[in-house]
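Comments concern the structure below.
We just call them A, B, C and D in the order they show up, numbering each chain from 1.
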Amino acid sequence: MFVLVNLKAYPCDPVAIAEAAADVAETTPATIAVAPQPADIGRVADTGATTYAQHVSPTEHGSHTGSVLAESVADNGAVGTLLNHSEHRRRLADIDGSVAAAERAGLDTVVCANNPAQVAAAAALGPDAVAVEPPALIGTGTPVSQADPDIVSDAVAAAEAVDPSVDVYCGAGITTGEDVVSAGDLGASGVLLASGVAKADDPRAALADLVAPL
Amino acid sequence: MFVLVNLKAYPCDPVAIAEAAADVAETTPATIAVAPQPADIGRVADTGATTYAQHVSPTEHGSHTGSVLAESVADNGAVGTLLNHSEHRRRLADIDGSVAAAERAGLDTVVCANNPAQVAAAAALGPDAVAVEPPALIGTGTPVSQADPDIVSDAVAAAEAVDPSVDVYCGAGITTGEDVVSAGDLGASGVLLASGVAKADDPRAALADLVAPL
Amino acid sequence: MFVLVNLKAYPCDPVAIAEAAADVAETTPATIAVAPQPADIGRVADTGATTYAQHVSPTEHGSHTGSVLAESVADNGAVGTLLNHSEHRRRLADIDGSVAAAERAGLDTVVCANNPAQVAAAAALGPDAVAVEPPALIGTGTPVSQADPDIVSDAVAAAEAVDPSVDVYCGAGITTGEDVVSAGDLGASGVLLASGVAKADDPRAALADLVAPL
Amino acid sequence: MFVLVNLKAYPCDPVAIAEAAADVAETTPATIAVAPQPADIGRVADTGATTYAQHVSPTEHGSHTGSVLAESVADNGAVGTLLNHSEHRRRLADIDGSVAAAERAGLDTVVCANNPAQVAAAAALGPDAVAVEPPALIGTGTPVSQADPDIVSDAVAAAEAVDPSVDVYCGAGITTGEDVVSAGDLGASGVLLASGVAKADDPRAALADLVAPL
């Protein structure tokens, strides 16, 4: 199971959360990754935590002021990247370009999408994984097992039909270890979560609870 | 065979070209469609020509100033729309939304893409057709049969693997009737072209030549 | 006083509203303009109503699929255009380009902005008018005279400081004739409104009420 | 005189260039700043070089995956940011928001624009500085003193008319110390350059030459 903690632009201590993630990761078969702000990638990676970017640009080296270059992200220690998160929707051609840029720099890719049709489209671009973010669950705290579980199993089926080598993650409705288990039961091999850890009083305890049943 | 003449923002007479298209369409088994500027849709449709929009927004009725509402386009006589043209790349989620908006308004949809992976992604969104626009051919006048013919047959295979009901059009490298035949031989059931007709001294003759071998 | 009725993407009859606008305009010294969907511009202009586009692209004639070409909008009868509406925010460079495109095609320009600093910035681009849309008033039905009237007088002062020849319109909080008078008292020489007319049971009566005190 | 070296997405060693900038800065009254990729901000700032971001998002703390949060950039050692570079054009409302975000985080702001009207618009948003990037000079190596010098003096006048407290920088056509002097003679109090240093065989020598005449 892959557990990615997206720190978004939250007012949190990215290094403390990364240290907790690195520690908890040693106690579980699950992989725990942290996706901080781009300027925090280096210090997050320095903790030993598996580090992801929240986005990389579709561009290569060159005159691209304001871009987030995949190579720069990788040089600072990231090993993967989210793409097309529901808060950062991208053009189809640019998702394709960003997947290529990430691959070129040796980064794993997780392309987000919000329904099975878009999941299939994302899978067709050849990323390592796609994440389905049911709009009805984003930021609600409603567990995926209770609201709209079909969207996860439909997403798994949709990605499988296009490219069986692409993993499917559940990108909303995850707060507890029980939710992680439910996502797995629905066919997901990973989960994305954010505020449940980043805004927790004790991020270490929150992470430990998440992976306890695994 | 489906032949779509994209008038882009060319300095042409959209009504004269539409009249020619309507006339030539009566002489051929091919469908000939014209995609004018949005404000010209009504007068182009009034000629009797099959009329397409160049784009429709992913929005429904509501507070969407500056949008191109699918219903409004249909009310003025359009029967289909291009989406995600290489000159108007859109977000994956918005292409999905625009396909849904077009369907709701009864418009056929042609989603453009510029390589087989993006063609497969576009096909996963359930449009009526996808159009592959090989970047090496756009605006060059190089016939598709001579440069990069594999991209068309690869696009046909990629779309077929995702959804066999989606037609594949060839969106670049078409100037002559011979090119239309070549595109058909590569598996395309339609072609998109632009300057070859819109900028021709005699658009009617250019259209007649295009469909002559069909 | 300039009164612009923005039809957005509302489910309304644009021709009926335009006919009402044309009729009511003959009874008042105010100018009444209607801004329909782009595909409706021709039939709205045919009623004799002063017709505006909701947006025009910054592009010239050429390969710009999906654009809204200023010349095409003008050819179909529009005499002006909104730009940068709060529902259709544009890049600074593109607003500049769209103002130039509109001028080239003989269209008047109204650039929207949502605070005095942005109004000053918009005025610096040399449009015919700027419209301040106080975010606190958009779509609320709260009259501008009661909530945040300073933003209108501040916007008037900000535009005046940059270019005294640019008119300032009030782009939110207008429902009644009294609101139009209030906007004028705050220094605005025009108003933008939308649902108050477009969604009215009797658009003609709504328009007549709006301009009655003028 | 303010000299900003924009590293864009160039294949360079950002730390080596920053070390050179920090060293050369001690030999000149000019301020020398370096704007690296976002993930490199921390290690560039650690050299002691004055460090700028290439862009910050208009957002506050919160759910903004993929953003470049001003606070995060500042926490990692940046003291300023470029905004709206010609390779990263932004919406007027977002430039306004990014200036506010940068101020909140204590970052100086340099808003780029490509003609005097846009410079005036940028100045109206209250940044610390605006940079005029004459399109005819970007990336050409043509010195500003030889091609289109009026655009710089016109930009200085345009910004002065809107807000005399806003500095004006010259954002293109700078390769040599002579060009820096020319920019100053035209009224600019700073310069932006990129490849002249970032792609130089000896960035330290290139920087030393640039500031030698100051």
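Here, contacts are C-beta pairs under 8 Å (C-beta built on N, C-alpha and C of every residue); 3 or more make two chains touch, one makes a residue touch a chain.
The UniProt protein names, listed by chain, are A, B, C, D = Triosephosphate isomerase.
Owing to the predicted nature of the structure, the values given are computational and were not obtained by experimental measurement.
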item	value
Chains touching both subunit A (Triosephosphate isomerase) and subunit D (Triosephosphate isomerase), listed by label	none
Chain whose average C-alpha position is farthest from subunit C (Triosephosphate isomerase)'s own	A
Gap in Å, rounded to a whole number, between the CA centres of subunit C (Triosephosphate isomerase) and subunit A (Triosephosphate isomerase)	43
Centre-of-Cα separation between subunit D (Triosephosphate isomerase) and subunit C (Triosephosphate isomerase), whole angstrom	36
Sequence positions of subunit D (Triosephosphate isomerase) contacting 2 or more other chains	none
Touch-based graph of the chains, sorted into line, ring, star, complete or other	ring
Inter-chain touch pairs (all)	A-B, A-D, B-C, C-D
Of all residues in subunit D (Triosephosphate isomerase), those that touch subunit C (Triosephosphate isomerase) in their complex	84, 89-96, 113-115, 117-118, 120-126, 158, 161-162
Contacting residues of subunit A (Triosephosphate isomerase) [partner subunit D (Triosephosphate isomerase), same complex]	6, 8-11, 35-43, 53-55, 57, 59-69, 71-73, 75-76, 78, 82, 85-88, 139, 194-195
